[in-house]
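Next come two complexes, and both contain subunit A; in the first it sits with subunit B, in the second with subunit C.
Let's turn to the complex of A and B:
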């Protein structure tokens, strides 16, 4: 009797943990987007006021951000300073490729971020600023949508985890 | 007939009803319907042998 009760409790705990993990995922995505927005704002001020070259600007951003965004800009700065015979966009895409599995960003976010890389390093100051503004607008809009959705979804995933665990226990008993 | 099956069916009924409500409140009507359908199928799978047993009994009683 005891092993079956322990097994049932483990199953419920496992399913509940899975539910809580899925509930937290949207929050992680919002955090990643906010961190990327912070990086863009730093990049904007580096371009506008300090006129820092791109490798140095990327390195500065990597120092002032955290998580996956820090790693993206850190790798991008490294690739830029290696002076390879590739465009900034190709190096940006390479830097993103290494981090895609680690981040909680969705496919549409990656598309927007990758598209933003096309404007890096060769347009004039004004064009780069407008590309940054477009990207920040995208992040703001996405964050607002996600925040309204996430409350409902969070409750749903948590309940689904716990109830799914209980259902499995009843089915296997 | 094992009485525990009745309790199991009751538990599945309650849990599927709660799941249904949770999914409906989250605006996922399609998944809610699928969950209910899955619950019905599971319970049918459990009771099918008892139904079959009942029909055999009826046949025996009335000598059909």
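Let's turn to the complex of A and C:
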């Protein structure tokens, strides 16, 4: 009898944890987007006030951000400094490739981030700043939508986890 | 890093592939690379123009299989030249050139964006001209003994048309007098003499040389006088009236001046309104005239006589 109760409790706890994990995922995605926004704001400042060349600006961003965003810009800075005969966009795509599985960003986020890379390398200050603003606007809009959804979904996923666990216990009993 | 490897890093992938087909020896004498959209790419070696082939180069400039850079190749090369940072070089680009590490100068042409009558940016760059800087140590040996009198160096002007080697000669003279014991202040407005990268000279300009990199010549000369106590002030491409005013300050401070100016001859420089006053007053004690690439330097005294 005791092992059965213990098993049932473990099943409920497991399902509840799964529900909490899914509920938290959108929050993680928002965190990644916000970190990317921070990187863009640093880049904007480096361009506007210091005219820092891109390899050095990317390295500075890597020092001042964390997680997957730090690793993307760190890798990008390294690739830019390697003196390969490739475009900034090709190097940006390479820097993203290794990080896609690690981040919580969705496919549409990666499309936007990869698209941002197409603006790097050849634009004058004004146009480069415009491209950064467009990307920041995307992040602002996306995080606002996600935050609204997230409040609803968080409750739903948590409840589904707990109820799903209970249902499985009843069915298997 | 040798010239071949350095040039590779500045070119887009396609252009680099063709340029690297040339032999290693070709790069020792290379002075210019010219990329024009949809036109054959020219390489100038030892005063001769060549176009690029799959096997190297040919002097037959009408060769049908020659490399013709596309607009994309030009754009890619601009990305490399600007370290992927077009925005960081707007000031230089508004003057039509960028100086690269090593003192190589890249001139550009294309569609300019004008605001208030001033070039603000470039939308479509269609031509790129690399002028390859060569450090030729010892090229000043022949002229150096003529620049001294009673152990003091003369105010000296090097005169030559573009590409004849005045900057190379200036660099070597600076190196030698600096290593020889004089403190030299160099105003390197276009970063061509010292070839500074992040403020540190990439070319050998001597042990006692202080470099004001990217600084306008008139301001630079005044700053050096005030701050760095030089024995000699060196500047490249003197020309404007503002430059001449700053030279007056150098003369009254007891500091020697070493400079270059564009011109085919002494008479040619006399026609420069900014310099004519200085020359007619015999401010300079020596003129070194380089009439063409590789030509023997002609040494003139303050009156323009050899």
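Here is the rule we go by: the second predicted complex is superposed on the first by the 173 of 173 C-alpha atoms of A that agree within 3 Å, B and C clash if a C-alpha of one lies under 4 Å from a C-alpha of the other, contacts with A are read in each partner's own complex, and residues count from 1 in each chain.
We adopt the following convention: a contact is a pair of C-beta atoms (placed from the backbone, for glycine too) under 8 Å apart; a residue touches a chain by one contact, two chains touch by 3 or more.
Note that the coordinates shown come from a computational prediction; the quantities given were computed from them, not determined experimentally.
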*Overlay on subunit A: subunit C relative to subunit B, clash or fit*: fit
*With the two complexes superposed on chain A, say which partner A:123 touches: subunit B (first), subunit C (second), both, or neither.*
second
_Greater subunit A contact set [subunit C / subunit B]_ = C
_After the superposition on chain A, what is the angle at the C-alpha centre of subunit A formed with the C-alpha centres of subunit B and subunit C, rounded to the nearest 10 degrees?_
160
*For A:47, decide between first (touching subunit B), second (touching subunit C), both and neither.*
second
*Touch check for A:159: first (subunit B), second (subunit C), both, or neither?*
first
*May I ask you to decide whether A:85 touches subunit B, subunit C, both, or neither, giving the answer as first, second, both or neither?*
second
_Per-pair minimum CA distance [subunit C against subunit B, superposed on A] in Å_ = 47
*Touching subunit B and also subunit C: which subunit A residues?*
none
_Complex contact set, residues of subunit B against subunit A_ = 8, 11-12, 15-16, 18-19, 22-23, 25-28, 42
*asked:* Touching residues of subunit C toward subunit A in the complex: what are they?
replied: 8-9, 11-13, 16, 75-76, 78-80, 82-88, 90, 120-122
*Could you pull out which subunit A residues touch subunit B in their complex?*
152-153, 155-156, 159-160, 163-164, 166-167, 170-171, 173
*Which residues, counting only subunit A, touch subunit C once they are in their complex?*
47, 51-55, 57, 80, 83, 85-88, 120-126, 128
